[in-house]
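Heads up, the next two complexes both have chain A, just with different partners, chain B and then chain C.
Presenting the complex of A and B:
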């Protein structure tokens, strides 16, 4: 459904997108995972025909993003990163406006938006500016879906949304996927990666890896150890002093270290005998661990 | 077509739900018209005057009556001696005084010549001059009525054409109309488009089947309609409240105003293609337009007195041409035959501005 080949985009000195290539199949929920400033928004804007790439080609639904931009605009749904609806218009008015703009009516495509719209319908007379973050998000999704697009582009839809609304939002994406819609979603949250069919890890405009969320941890090189102790700061300092550790960084309440071989776990314990309540445990790598490793090769 | 209608309706929602926009749209013109019409005129009204009548004859009484009837004067005191006047001037109780010597009527009927003294407060020279003129006019008027039986005499008569009463608002209203449209139309159009860019809604509008050029048109239509209403409101205020004459054809004035409004809207569209934030748009269209419009329209500072380079610059200001048209049609009652040149210039400007904005309006971001 989406084909991207050797796409590059530069703003002055900043290389926002660097020779990116990937493909998204029909009916796939594809995630672009990366920190702020990684180039996710630029990439999505190129695919939604809002920006022109400096080099490389891309097609959406078989249409070229430059030459056939009008055709793409007719068929895709797009939800920008910021809340981009009319704050002074009510839920109903926003939805009606965008439906008409896309040459359709709310009634005609009600089936598509119904599961989402039902949740905000009690507030349909309320102005969009007075909605909570989660409700705004749902309204924006409704507006992006009201013309039944074949491909849906979502730019960081869950940034700044509470945990419950985030979960609800991803449930809705799952529902849309089950109806056969192709979805490209970007997010800085690693924990959302596992909800996608496939993900692309992106950093500084470059794609580090493209795979299923389950397969990515398999790419991890070395053995990952989670180390804990009472004095976490002193522990980190001691760990950093060990030259044979491949990497070492704070991760939640513990410290993740990478070592080359299983025997190194015992060696580590020995080096840290002075710490009280020391705990060294081998753990499977998460996507975030993989991301950190890919970022610092 | 249906899309355009919905878009236009949405624009009306924006206007009517935003108090700030409504205030700029209707509050600004009304206050400006009333301010310029009432407060900021060179006219002097209700100036306190004292009349010292040492003659007390029918002639002096008739003249005093005329002074009393004039709206320019407030006959506050009737003093006995010239000496008393000085105290009044010092206490700032009066702005001017009229002194009739003894035997005024007698001298007038017998010799055809009489003396009268006008005293004014020279610390405010402008007002003093104006008041002297008013009083001279009253005296001349009286003598004119008494002329029967008096030998032939030459009278120098000054007459203000089109505005014999020196009604200050006559000059101001056309200028303020030009100023208001220039500021209001330009600002509101440019800000409303740039707001879509700033809030990100432009992104969604672009990624839709709606043609980007129609965004410009849909934005211009509501402001055109509202500005026309504005025009009628200003005209109503000018004619009914400020006694402006409307000597020419109303429909000609209406058409010319619509043309000028379109020119200003096009200017606003062009600004919106340059500015990326509402603040910039506001700054360019309000600050950037206000000064040139005030300076170069000609209603505050006569263009004829300006150095040549400034005169040339003034040609590029649309409000200058509209001001000429309004004065010709409203005050002089001239027809289209006399304003076609100005009309053509405005039409040319509107076309050029529209073409530039259409060319600059991109179908993509950035």
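Presenting the complex of A and C:
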């Protein structure tokens, strides 16, 4: 459904997108995972025909993003990262307005937006500017869906939204996916990665890895150990002093270390005998661990 | 067409919902038309005068009272020395000093000639020259009176009779009001349209619009038509105020005035659109629009006649649409000119409309 080949975009000295290639299949929920400034927004803007790439090609639904941009604008839905609906128009007015721009009506496509729209319908006379963050986001999603797009682009839809709304939002994406919609979503949150069918880890404009969320931890090189003790700071200092550790970083309440072979766990325990309540445990790598490893090869 | 209708519906809805735009659209013309013509008045009245009378004779007193009787001068000091009178000028209490030397009457009677001294504070050039010439003509008149008294006949002079056409009472307001009307249209068309489009960029709604299949011309027309309509509403309001407050009834045809206003608005809306395509924020658009509208206004002959400008300035003035429209409005309102007399200006305005809009449309892109 989406095919990206060798796409590059440069702003002055900044190489926002560097020779990116990937493909998204029909009906897939595809996640672009990466920190702020990784090039996610630029990539999505190129695919939604808002930005022209310097080199490379991309097609969405079989249409080229440069030559068939008009066809793409008819068939894709786009929800920008920043809330960009009319704050001085009501929920209803915004929805009708965007339906009209796509040459359709809300009634015609009510089935598509119904599950989401029902949640905000009681407030339909309220101006968009007076809605809560979660409701704004639902409205934006409705507006992006009002013309029954075949591909939906969501740029960091859950940034700045509370945990409950985030969960609800991902439930809605799951629902849309079950209806056969192709969805490309970008997010800086690693925990959301597992909710996608496949993810691309992106950093400094480059794609580090593309795989299913389940397979990505399998790509982890070495053995991951979670180390805990009473004095975390002293522990981190001691760990950093060990030259044979491949990596070592604080991760939540414990410290994650990478070592080369299983025997190194015992060696580590020996080196840290001075710490009280020391705990060294081999754990499976999470997507975030993989990401950190890919970022610092 | 259906899309355009909805775009217009949305624009009007937003305009009517805005708490500052709508009141401004009605208050601005009212206040500007009520205040500006009163203040921007080039008639010079109440010139302050200090007199140094060193003669204290019948003639010197007659001269002073004649000067004051005109009503243009306001006596702020009677001094005996020039130095003392100069203090008045230094303290900005007097614009002019009239010095009557000792032996004024005697010399006038005996030698049939006398000189007077007039010192003028020339910081405000026009006030100084107008005040000076008033005083000169009063003194000349006084001179003739004395001669008449002595010789019993008027000196043979070229007598000039004036006939003031189109504005017989030389009322400055008749000149200013049509000009200010033009200024109002320029503000509504130039500022509001530029700011409105840039606002869509600033709040990001243009992103959402740009991914829709909407056509460029639909979006642009959707933006321009509401302000075109508002501009004509303001124009109508302005004409009404001119009629009922200043009693200025256009001598020429009203439809012709509206034809020009319509074309002029298209030109100035194109200018606003052009600014918006180059600006990213409302602040930028505001500054750029302000810069140009300031130049347009000062170069347009609203306050000063373009004919007295240096050549380069006249060229610049010719290249601003405001100039031509002010000229036309004054001609139609005050002279009752018909289309044949203003068809050149019509051509210029059409050219401006085509040029500014063409440039803006070329520069407006949905893809960055």
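Everything below uses one rule, namely that the second predicted complex is superposed on the first by the 297 of 297 C-alpha atoms of A that agree within 3 Å, B and C clash if a C-alpha of one lies under 4 Å from a C-alpha of the other, contacts with A are read in each partner's own complex, and residues count from 1 in each chain.
Everything that follows uses one rule, which is that a residue touches a chain if its C-beta (ideal position, glycine included) is under 8 Å from a C-beta of that chain, and two chains touch if they have at least 3 such contacts.
Fair warning: this is a prediction, and the values are worked out from it, not measured in the lab.
Asks: For the overlay on chain A, clash or fit between chain B and chain C?
Replies: Here the two partners, once superposed via chain A, clash with each other.
Asks: Mind working out whether A:78 is in touch with chain B, chain C, both or neither, as first, second, both or neither?
Replies: Both chain B and chain C are touched by A:78.
Asks: Counting only touches as set out at the top, which of chain B and chain C does A:249 meet: first, second, both, neither?
Replies: neither
Asks: Could you tell me if A:123 is touching chain B, chain C, both of them or neither one (first, second, both, neither)?
Replies: After superposing on A, A:123 lies clear of both chain B and chain C.
Asks: Which of the stretches 60-68, 150-158 or 258-266 of chain B runs into chain C once the two complexes are superposed on chain A?
Replies: So the stretch of chain B that bumps into chain C is 258-266.
Asks: Counting contacts the way the document defines them, which residues of chain A are shared by the two interfaces, the one with chain B and the one with chain C?
Replies: 48-52, 69-70, 73-74, 76, 78, 80, 82-89, 93, 96-98, 100-103, 143
Asks: Which of the residues in chain A end up touching chain C in this complex?
Replies: 48-52, 69-70, 73-74, 76, 78, 80, 82-89, 93, 96-98, 100-103, 143
Asks: For the complex, give me every residue of chain B touching chain A.
Replies: Of all residues in chain B, those touching chain A are 2-3, 6-7, 10, 13-14, 17-18, 199-201, 203-210, 363-366.
Asks: Could you list, by residue number, the parts of chain A that touch chain B in their complex?
Replies: 45, 48-52, 69-70, 73-74, 76, 78, 80-89, 93, 96-98, 100-103, 143-144
Asks: Hey, which residues of chain C end up touching chain A in the complex?
Replies: 2-3, 6, 10, 13-14, 17-18, 203-214, 366-368
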